Amino acid sequence: MSEKKRLDLEYSQLDSDRMRLNVGPQHPSTHGVLRLEVEIDGEIVTEVIPHLGYLHRSFEKHCEKMTYPQIIPYIDRMDYISAMNNEWPYVMALEKMLDIKVPEKVEYIRVIVAELNRIANHQIAVATFGLDAGAFTPFLFFFRDREYIIWILEKLSGARLLYNYFRVGGLAGDTYPSFKEECLNVIEKVRKTNAEVMDLLIYNRIFIQRTANVGILTPEVAVNYACSGPVLRGSGLRYDLRKDEPYSIYDRFDFEVPVGKGEVGFVGDCWDRNIVRMQEMEQSCRIIEQALAQMPETGDVKANVPKRIKPPKGEVYMRTENPKGDLGFYIVSNGTDKPERLKARGTSFVNLSVIPEISKGYMFADLILILGSIDIVLGEVDR
Amino acid sequence: MENTNFLWDLMGKNIWSVLLVISLPLMFVLVYALIAILAELKISAWIQERLGPMRTGPWGILQPVAEVVKLIQKEDITPDQSSKLLYNLAPFIIFTGAYAAFAVIPFSEAFVPSGIDVGLFYVFAIGSISAMGIVMGGWASNNKYSLMGAMRAVSQLISYEIPAAFAVLSVVVLASSMNMQEISKMQTGWFWNWFIFGGPGSISKIWVIPFTVGLTLIYFISSLAETNRVPFDIPEGESELVAGFHTEYSGMKFAMFFFAEYANMFVVAAILTTIFLGGWNSPFGDFMQGPWWGVFWFIAKSFSVVLVQIWIRWTLPRFRVDQLMYVGWKVLLPLSFVCFIAISLFVMLK
Amino acid sequence: MGLLNKLDDPYDGGGIILGKVEELLNWGRSKSDWYLHFGLACCAIEFMAMNASHFDFMRFGTIPRTSPRQADFIMVTGTVTFKMADRIKVLYEQMAEPKYVISVGSCSNCGGPYWEHGYHVLKGVDKIIPVDVYIPGCPPRPEAFEEGMMKLQEKISHQAIFNKRKRLGIE
Amino acid sequence: MLPNEIFEKLRSVYSDQIIELIENHPSDSFITVNASALFEICHSLRDEAFFMFDYLMSLTGMDLGENLGVVYHLYSMQLKHKIVIKAFVPKEQPKVPSVERIWRTADWHEREAYDLIGVNFEGHHNLIRILLPYDWEGYPLRKDYTAPEMYHGMKVS
């Protein structure tokens, strides 16, 4: 009797069905240095524990030690894929604090470069998502086109990736003569490649099978986790700061906010999040076209800004629509030329927190795709 | 058995001629693998609007040679926690499995290393050895990724062996022989005598053509799965399992996995060529027909199949493991079964 | 006489035969470099662009490997933090000899913009693993990657394999 | 709804827990509340029909010298209004009720605030360091923080 009981105990303790797998920090598809501690039962994921901080570069500490203009390069290095979009809320927050009205032309250039950068960001997002699904070729198609965008931004700012182009009350420099034609050229190329990738990847049967009905994120969960950007819109919520709280001059443009409609599966699956990005590229193209047409030919690219930027005592929370979602900066000023506290609400940081919720019960291969569909940048997650 | 090998006629049957016969396919595999690696690099580059390796020899054609020279020099690591005997044995077993299959492949009407009568049966039997090697390597590495990769690989190999076997079996029924040389000889003549078009025979074979074409496709898809190529490369899917079952292997042992993969690709392509695409026969009757031309046709056809495999790899995304099983068991298997029954009926009623 | 002298010449890589073999081996290693891409931060994105069609890193004969066992050199692209430092060390130790390291970008060269107040940033990856080639820039341009790669190939192709002691002057 | 309306509404329910409303254009207006009643206040901010703050934009920890502060930026998806809530706690005993059960997104934000500032969120299910290594000492974003000399045998600064 006692013998049997002991055996039973041993068998129950021998729960060897589940395996703990350590994905990352160096893994080909964690999009950087994320580490996921995954518990799998055969191929089924039963638990995901993300471990962050492998790229924690002390951003907020630096902000407290630097003067306001010196912080802009550090902000570039947060979400390094869409640096232009990152700088925007920060300079807007300071402009609000200092009560600066930026010239008309600056607003237009800002919109154009931000939307160009948004296209570049979505290209990387869809490309790496395809890479996670095992399709290597669309990755290179997108990178080929991204290069043309990079060239325009490089001609404007002098850098390929981390631009440091936005300044408080203006820009680092004016556009160059052939700017308009080159932008229109790029838009044409982007549209052509998008059509090609739609055939090659998005509507590929294998790809649909892999991504449809995988990682379904319901709107309630998405809002409770404060997701934003394509992750939230993929769940069918039409929430875009460019429409909801039009900052800068976004109220002047005619564009749509694409949302996930559950075309091939449930609303809010990986495929929906991905198609939202594809459609947003098209909308960005439309915005750029309108902005190019409306942009004043001449004008200042810098408002009257005091030499030493010293915002009055106070605090501002400013957010804009980053390609990944809403990026917010909470700046507390103490009246000197260095902020008292600067907190960045990393979009990816918040979007990533939904991973343990939506990846349970799917296969291990799906987990990789879910992670890819959220489109994180670890620089922004860890800061 | 007679007259399968020109070397027997030339040198008689002694130890030297046997060794020569054995080493000919080995030399072929090595040279072929180098070419295939280069083709893989260059074709992927071409599809992706790149150049591929350009700085090793003219247009980078010496790239595979450099890779071999490098791999020889690499340190050979045996992880401390691994099961050493199995770990070291696995690459050899896999390579042996791939290489042993060459024994029955008819390169020409005058050269097949061993023209045994159960050739097709032998190929399938020996092909299963590589599954053992994979699971040995994956388990002995003591790495979770390796283990998962090995499990996936084995389940995949076993599942896809069945539709492939049915495809081959149908041809065996049509040809009423398992000797690969015999099957090749049967398809002599114009290309409509190939088994993809129903094999030799009267006009009534038109009823069987849809099934044989279907079986060719089924065999090709299964062969992709058996060689772990995209879209069935889940055992070594880079984005999920770092490098699958060979994650822990380095240096020459890894090179053996590498060579075995390419050798396996050729083996399945050669079987496809032999049983469906007319083997070493010229597609145009007597035009360019003969023992030496046979080698040319055989290698050209097989290599084209390999090129298609490479082309597919750089175009398609990857399946998930359950979808792979779905395709294998619920689509390919019933289809191959239907084709097999149809062909058997046709042979019975003929 | 001349031939014999040449065979014994300590400054010619150990004579004709060994010299030629050495050349061949070095050629193989320098032309076929498989890399482990240790993508950490911004430079990793630039390296992805480097791999794409416009620049095509594979022209140099490099192939990306995801397992450190099969890699010849490790490309540390980005900021190395203390949390990450141990992992880099482990990965480097897992690689098979001969192995090389390319440090890409200011951050992994010396800490970059984070050198002063970065309480969690390792000031240079060379503090934990030996670095062969440094590529400067924040992030480096693709041209800089090319230059760095060629420098590494140059370094490999001039390495001594035989008679190391003699050539280094150690008797 | 404007901040002063929200303030009045809150005041009518939680009379003495709501301390003050500070409006100082162009800065954002914020409401300071007692840390002890934070959970209840946040709960009604999310659930009451006239608040509906279902979206926690950001949660910030601050070092204010004597005190530590926690700042909540709230937004309502339906009503499209926002508000800033602040609570202060003494540095010696930085205890703030966790709002993780109200907005799940607060989970990581609170862990971050704990990690960098050292605010102790009571009721959080897993309050451990998130960005820094688990064996790191001190809270780097406090004003009096000095980085350690060495970490695991590597020189820090």
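Letters A, B, C and D mark the chains in the order given here, with residues in each chain numbered from 1 onward.
Note that in this section a contact is a pair of C-beta atoms (placed from the backbone, for glycine too) under 8 Å apart; a residue touches a chain by one contact, two chains touch by 3 or more.
As the structure is a computational prediction, the values presented were derived from the model and not from experiment.
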* Could you tell me which chains make contact with subunit B and subunit C both? => A
* Structure fact -> In terms of CA centroids, furthest away from subunit B sits chain D
* **Chain whose Cα centroid lies nearest the overall Cα centroid** => A
* **Chain centre separation (subunit A, subunit C; CA means) in Å** => 32
* To do: For subunit B and subunit D, let me know how many angstrom lie between their CA-based centres, rounded off.
  => 63
* Structure fact -> subunit A and subunit D have mean C-alpha positions lying a whole-number Å distance apart equal to 24
* Asked: CA centre of subunit C versus CA centre of subunit D: separation in Å?
  -> 47
* Provide the list of subunit C residues touching at least two other chains, using ranges where the numbers run on. => 52-53, 66, 83, 116, 119-120
* To do: Scan subunit A for residues touching two or more other chains and write them down.
  => 27-28, 53, 56, 58, 61, 140, 144
* **subunit D, residues touching no fewer than two other chains** => 131-133, 140
* Using the contact rule from the top, write out all pairs of chains that touch. => A-B, A-C, A-D, B-C, C-D
* For the complex, which residues does subunit C have touching subunit A? -> 38-42, 44-46, 48-49, 51-54, 66, 78-79, 81, 83-84, 87, 91, 113-114, 116-121, 138-139, 141
* Asked: Along subunit A, where are the residues that touch subunit C in the complex?
  -> 25-28, 32-33, 53-58, 61-62, 65, 73-74, 77, 80-81, 124, 139-140, 143-144, 146-147, 150, 160-162, 378-379
* Contacting residues of subunit D [partner subunit C, same complex] -> 131-133, 140, 145, 147, 151-152, 154-157
* To do: Using the touch definition up top, name the residues of subunit C that touch subunit D in the complex.
  => 82-83, 85-86, 116, 119-120, 122-123, 127-128
* **Residues of subunit C that touch subunit B when the two form their complex** => 24-25, 27-29, 31-32, 52-53, 56, 58-61, 63, 65-67, 69-70, 72, 94, 96-98
